[in-house]
Each structure stands twice: as C-alpha cells, then as structure tokens.
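What follows is a set of structures for review.
You will see subunit A twice below: alongside subunit B first, and alongside subunit C after that.
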Partner chain A sequence: MTAGTLLDFLIITGLVWLAWQVVAGRELFRAIIMFIALGLAMAVAWARLGAPDLALAEAAIGAGLTGAMLLATYRRLLEHNPAKGGQRYARSSRLALPVAVMSSLLVMLLGLTLVNIMPVEGEVAGQQAIQLMQAVPMENPVTGVLLLWRGYDTLLEMSALVAAWLALRILQPQDAATLPPLSSSIPLLQALLAAAVPIAVLVGGYLLHAGGKAPGGAFQAGAVLAGAGVLLGLTGSLQRSTRASRLLRAGVVLGLIVFSVLGLGQLAFGQPAFAIPGLWTIYLVEGALTVSIALTLLLLFLGSAGVRRPAP
Partner chain B sequence: MTASLTLYMLAASVLAGLGIYGVLIAGHLLRKLLALNLLGMAVLLMLITLGARGTGAPDPVTQAMVITGIIISISATSLALALLLALQRVTDETHLDAEPLPPVGEDGDAAGSR
Partner chain C sequence: MIALDLAVVMLLVVGCGFYLAGTIGLLRFPDLHSRLHALTKADNVGLMLVCAAMALASRSVRVALLLLIVWALALLASTVSAYLIARHAHMARGYRT
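Entry: the complex of A and B
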C-alpha cells in the first residue's frame, strides 16, 4: 500500500465516520459540529482529487458559512423556546434501513461501473474548453469555464442567491423586537476585529485577483468577505435590520445587473449573448459578482433583509 | 492522477446511503436538513470523482458545475433554515411527523426502546 493510498483511505474513513455521526449522533449540537468537520474533510478530499478551487469553495462556503448559519439557527431555536431545546425527536420507519442500503448499493454499482470507463481522449468537454481557451488569456481553467463557457450557470446561481434573500425578506419576523443583536461587545474583541477584518478583505481581494491564473475566483473571494461580515455580525458591530437600505439593495443585485448588461450587450455587436469580449470584462464581472455574493451570503447568515450599524 | 478513484466512489455511495437514511429517520428538522446536505455532498463527490478519470486535473467543466452546486446548496439551506424558524414561530414545534424521545442521559438506548 503506497503512502497515497493510505492517505486516501484515511480521508475516506474520516468522511464516513463523520457522516455517521451527523446522521446518528445523539445530540443535535454535536451533529452540527460533525457536519462542519465533514465539510472540512470533504475539502481535503477535493484537494487530494486535484481540485483546489473546489477545496477553497467547500472550506469557505460549505463548511464555514453553512456551519455558521446552522449554529446561529440552532441558537435562535433555543432562545425562542429554551424548555424544548434539549428535546429530541425520532421517526420510526421500518423501511428506512432497507431503502438506504439499497440506494447505497445502486449508487455503488453505477459509480464503480462509470469510474472504470475511461473517457474518450479529445472528446472530454473540459479538454475542448481548455483548447478553445487558448485565445483568451485565462490560466485557471475553472474560472474560465465559469465565465466563458457556462456563463448562464454563473448568472443563475447568482440569481438563486438573490432569490433566497428575497424569500428571507418575506419570512423574517416583521416585529423588530424579535431580532436581537447576536452578541454583546467585549473589549478585547475590538482588537481582534481590527486585525482580522482587514486581513479577510486582503485575502478576499487576493483570491479575486488570483482567480484568473491560480485557485480562487469570485465565489471564494465573496465567501471570505462574507466571513469577515459574519465576524462583525457575531460581535455586534453589524446588526440585523428588517429593512434594507437602497445602497444595500443595489449591492445585492449589482452582480446580476453588470453580468446581464454586459452579456446581453454583446447581442448589439452581433456576438452571441454572454460571449465575454475580453479580460477587462472578466475583471468587471468578477468584481461585481464578488460584491453581490459577499453581501448576499452575509444577509443569508444574519437571516434578515438588511444590516445596520448598532445605535451608539 | 494518483488518488484511488474507486475508494472515493465507494465513499460517495456510502455517504449517499447515510444521507438517505438520515432524511428518513431524522425527527428534528434541522437534522433532516443536515442529512439532505450530506446527500448533496455525496453527489458532488461522485461528480468530481468521475471528472478526475483519465490524466491530469479533474475536468474543469465538472469543477465549475460543482462550484455552482455548492452555491445552490447554501442558498437552499439558508431558505430551509428561515422556513424552520418561521415554523417554530407559528407552531412552536421544530419537527413535523416525529415522536418525542426521552431527554439525553436518562437511560441507555432511548432510540431503540420505541
């Protein structure tokens, strides 16, 4: 057994054990923590499979922001009804185990069959995309594919984020009193924030800039910036608000608008829609997307339509 | 590519099975949501493992799709969490069709006694 196989074996054992803990762990809080750990283990698996862009996205969004959202919701559920906080529920289902085992076997059968069929050389979509990309200077094929070949996907996933925010605006409690600040301020925290937030902004900016030629891009950068916002939210420097200011609303839809206008504008020049004309467009679109993604993810975490500075 | 793809495919199928099992037996809706996310992760792992066949890095088209998948799952999760909070505001409950269990620590295997 080589060292590489041993590493794969360890990662996979970790994944399966953590997943079991998420599903069957006794306490809900523990299950949430295990889910966050599972996200990080998944990021390691993806780095091992040669996909560092995904590892970054999974660590920042899948483990980090989703985990923060789950924990914040768990706390709000407890605050709303402390007496029932520790209450556990179970469904009795005799069919659950056989259904799960059969589905797992079906997936295994399909997966093991597919993984042994080698793709036909030269007919893989990714290889063709890379070959056609020689004309455009994008050294990171993933960012290139996201913007040049699958622009509709990118546009629609941004729409999905905005749609989630719109739904949140409808679902949020209309009574402002039921939106307490997430935490009170502690003196040492200010010193931590003064260091951590600028570094997060710097890292976000780097990820955005590096996206063209190294792992990174608008989604990873937006997630890191949203992480800084989550920190500010948790320490009370940003508070939830039932109303979104005009500036905030503009920020949320900025990515959609810039991408749509530039993409559809190509039609006027006789180009196909969403054909990216040059590098400057890519930076413009990625920059606008980063702002929108960061703001939307932050608002989704806060669970409110808007943010405001705390009253002095 | 040196990573053992068969191993990762086996892991993806086990995770998918666990996710389905979790969705079926979870009582608390938050845990059901965790299990759904687990199922999603299994699908993404399967996609990337298939994209990594052949030589070199995984297919960039697959990677772009999986990044899309990650963003869609966080959107759906945040919407589900908001729905859960709204359900609790209206009905004071955090489960739909589940039975309450004795609190943790009162006796050994509470889940098995029902």
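Entry: the complex of A and C
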C-alpha cells in the first residue's frame, strides 16, 4: 500500500465518520462543529482529486460561510430558548432511516456504474472542449467551460441568489432586531480586522483576476469578499438594516443584469445568445458576478435585506 | 542536495511532533486555559516547521515568501481566537474586564 492510497483511505474514512457525526451527533453544537470539519475534509478531498477550484469553493462556502451561518443561528436559538443549549437530539422522523438507506444504495449503485464504465474510444466531449478552448484566450478550462458552455447554468445560479435575497427581504423581521454585536472595544479584534479585511479584499481580487488562467473565479472571489463582510458584521462594524439602499440593490442584481445584457446583446450581432466575444467580456461578467455574489452571500448571512454603518 | 532533503525530512518530523503534542494536550489537559495553551503554542511552532520544510523542498524564494505569509496569517488568527475564547470564559465566570 503506497502512501497515497493510505492518505486517500484516511480522507474517505474521515469523511464518512464526520458525516455520520453530523447527522447522529449527540448535541446541536457538536453537530455544527462536525459539519465545519466535514467541509474542510471535503476541501482536502477535492484538492487531492486535482480540483482546486472546487476545493476553494468548498472551503470558502461549504465550511466557512455556511459554518458561520449555522453558528450564528445557534446563538440566536440560545437567545430565544436558553434551555436548548446542550440539549440532546429528539428522535428524528421515522422516514429518516429508509431515506438514508435508499440514498446510500443509490450512491453505491452510481459509484459501481462509474467504476464499470469502460474508457470510451475516440473523441469524447471533454477532449473536444479542451481542443475548442485553444481558440479562446483562456488558460483555466474551468472558468472557460462555466462561461462558454454553461452560461445558462451560471445565469440561473445568479437568478437563484437574487431570488434568495428577495425571499429574505420579504421574510425578514420588521423590528430590525439585530444580534448584539461583539463589543467592538476589544483591541485585538480591531487589529485582526485591520489586517484580515484588506488581505481578504486582495485575495478576492486576485482570485477574480486569476480565474482566467489558474484556479479561481467569480464564486470563489465573491465568497472570500463575503467572508470579510461577515467578519465586519460579527464585530459590529456593519449593522443589519431592514432597508436596502439603492446602491446595494443595484449591486445585488448587477451580475444578473450585466450577464443578461451582454449575453442577449450577442443576438443583435447574429451570434448565439451568451456567446462570449472576447476576454474583456469575461472579466466584465466575472467582475459583476463577484460583486453580486459577495453582497448576496453577506446579506444572507446577516439575515437582513440591507446593511448600514453603525451609528457613531 | 541530500543534506537539504534530510533537513526537509527532519523539519517535517519535528513539526508533526509538535502538532501531535498540541493535539494530545488539547484532548488530555484538564481545563480550558491549559488546553488553549497547548493548542496555540504547539500548533504555531508545528506550522512554522512544516512551512519551513515546504519552503526548503520547493527551492523557490516565491513559494517560501508565500508560506511565510500563510504562517503569519495563521499566527494572527490563532492568537486572536485563543484570546477571544479565553476572554469569553473569563467573563462567563463573572469577572469583568
């Protein structure tokens, strides 16, 4: 057994064990921590499979943002009902076991089918895509495929984010009740913010720029920027607000609008919709997507339609 | 070259030793403050040694500088989070700062 196989085995057993701990955990808090650990282990697994794009997205969104969201919800839960802290799980629904067994069987069948597929002779779609990519000035095939052949997917993902924000706007409590922010007078915390937020902005910009030739792109960049916003929100430097300013609303829909206008504009030139005419469009679209993704993820974390600066 | 590789292996082994010690401390020490002490100190040194090993193994100044930034960021984050956890425990016991 080589060291690589051993590592794979460790990652796989770790993933299964962590997933089991998440659903069968004894306490709510423990389950949340296990979920975050599961996200990190998933990121390691993706990196090991040679998919750094997915690893970045999983670490930033799956472990980071979702974990922070779950922890914030847990704190909210304790405020409403302190007795829930450390409470054992009630037994889950009777459907849980059959659903879990059926899902595992399905995944196992899919896995077996994949293992049994013979390598296809001749040209396959992936090779054709890589060959066609030579014509486009894109060195990162992931961003290329996402924008060139999966334009509709990306567009629908953006629509889903905007729809989530709209739902948030409708469902948010009207009394503007905010989480009590951490005391902003903690000097070390301010020092961390002073270092972490500019670095996050730098990393986000780098990921956006690098998306054309290396792992990165709009979703990863947006998630990192939203992470900086979450830090600011948790320390009280950004406060929740029930009203979204005009600028904020424009930012939330910016990605959808820029992508749609550029994509449909191609029809006027006799091109198919969502054809990408050049590198500048890619940077334009990706930049607009980054702004919208970062803002929407931040607002979803805060659970409010808008943000404002704290009153001095 | 062989001396360099030997140094890389030594640094990795010692670094992993620090991680192991920190983790055992986290699991076995009796109270919050000694656990924090074990975790932050041992892990920071462990990360430094592992980063140094990686920098030597890469034989590239650029990668070495990037790893230095990685270590500095982890240092900053673990310092602040350990401080916040300790502060929270301190306040929860009724002390006021």
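Going forward, the second predicted complex is superposed on the first by the 276 of 312 C-alpha atoms of A that agree within 3 Å, B and C clash if a C-alpha of one lies under 4 Å from a C-alpha of the other, contacts with A are read in each partner's own complex, and residues count from 1 in each chain.
Following the convention adopted for this analysis, a residue touches a chain if its C-beta (ideal position, glycine included) is under 8 Å from a C-beta of that chain, and two chains touch if they have at least 3 such contacts.
The shown structure was predicted, so the numbers you read here are calculated from the model rather than taken from an experiment.
Enquirer: Will subunit C clash with subunit B on subunit A after the two structures are superposed, or do they fit?
Expert: fit
Enquirer: Of the two partner chains, subunit B (first) and subunit C (second), which one does A:L192 touch, if any: first, second, both, or neither?
Expert: Only subunit C; A:L192 stays clear of subunit B.
Enquirer: On subunit A, which partner's contacts cover more residues, subunit B's or subunit C's?
Expert: Comparing subunit B with subunit C, the partner touching more subunit A residues is B.
Enquirer: Could you look at A:I12 and tell me whether it touches subunit B, subunit C, both or neither (first, second, both, neither)?
Expert: first
Enquirer: Once chain A of both complexes is superposed, is A:A268 in touch with subunit B (first), subunit C (second), both, or neither?
Expert: Touch partners of A:A268: none, neither subunit B nor subunit C.
Enquirer: I'd like to know which partner A:L247 touches here: subunit B for first, subunit C for second, both or neither.
Expert: A:L247 sits against neither subunit B nor subunit C.
Enquirer: With the two structures laid over each other on chain A, which partner does A:S93 touch: subunit B (first), subunit C (second), both, or neither?
Expert: The first partner, subunit B, only.
Enquirer: Of the two partner chains, subunit B (first) and subunit C (second), which one does A:A83 touch, if any: first, second, both, or neither?
Expert: neither
Enquirer: After the fit on chain A, how big is the angle at subunit A between subunit B and subunit C, using C-alpha centres and going to the nearest 10 degrees?
Expert: Computed from the C-alpha centres, it is 90 degrees.
Enquirer: Rounded to the nearest Å, state the minimum C-alpha distance from subunit B to subunit C in the superposed three-chain model.
Expert: 19
Enquirer: Identify the overlap between the subunit B-contacting and the subunit C-contacting residues of subunit A.
Expert: none
Enquirer: Under the definition above, what is the set of subunit A residues touching subunit B in their complex?
Expert: 4-5, 8-9, 12, 15-16, 19-20, 22-24, 26-28, 31-32, 35, 38-39, 42, 45-46, 48-51, 53-54, 57-58, 61-62, 65-66, 69-70, 73-74, 76-77, 80-81, 84, 86-93, 95-97, 99-101, 103-105, 107-108, 111-112, 114-115, 117-119, 121, 124-127, 129-130, 141-142, 144-146, 149-150, 153-154, 157, 160-161, 163-164, 167-168, 171-173, 178, 219, 297, 300-301, 303
Enquirer: Which residues of subunit B touch subunit A once you look at their complex with the stated criterion?
Expert: Subunit B reaches subunit A through residues 1-22, 24-28, 30-31, 33-35, 37-38, 41-42, 45-46, 48-54, 56-68, 70-79, 81-86, 88-89, 92, 94-95, 97-101, 103-104, 110-111, 114.
Enquirer: For the complex, which residues does subunit C have touching subunit A?
Expert: Interface residues on subunit C, with respect to subunit A: 73, 76-77, 79-80, 83-84, 87.
Enquirer: If you look only at subunit A, which of its residues touch subunit C in the complex?
Expert: Per the touch definition, subunit A meets subunit C at residues 186, 188-189, 191-192, 195-196, 199.
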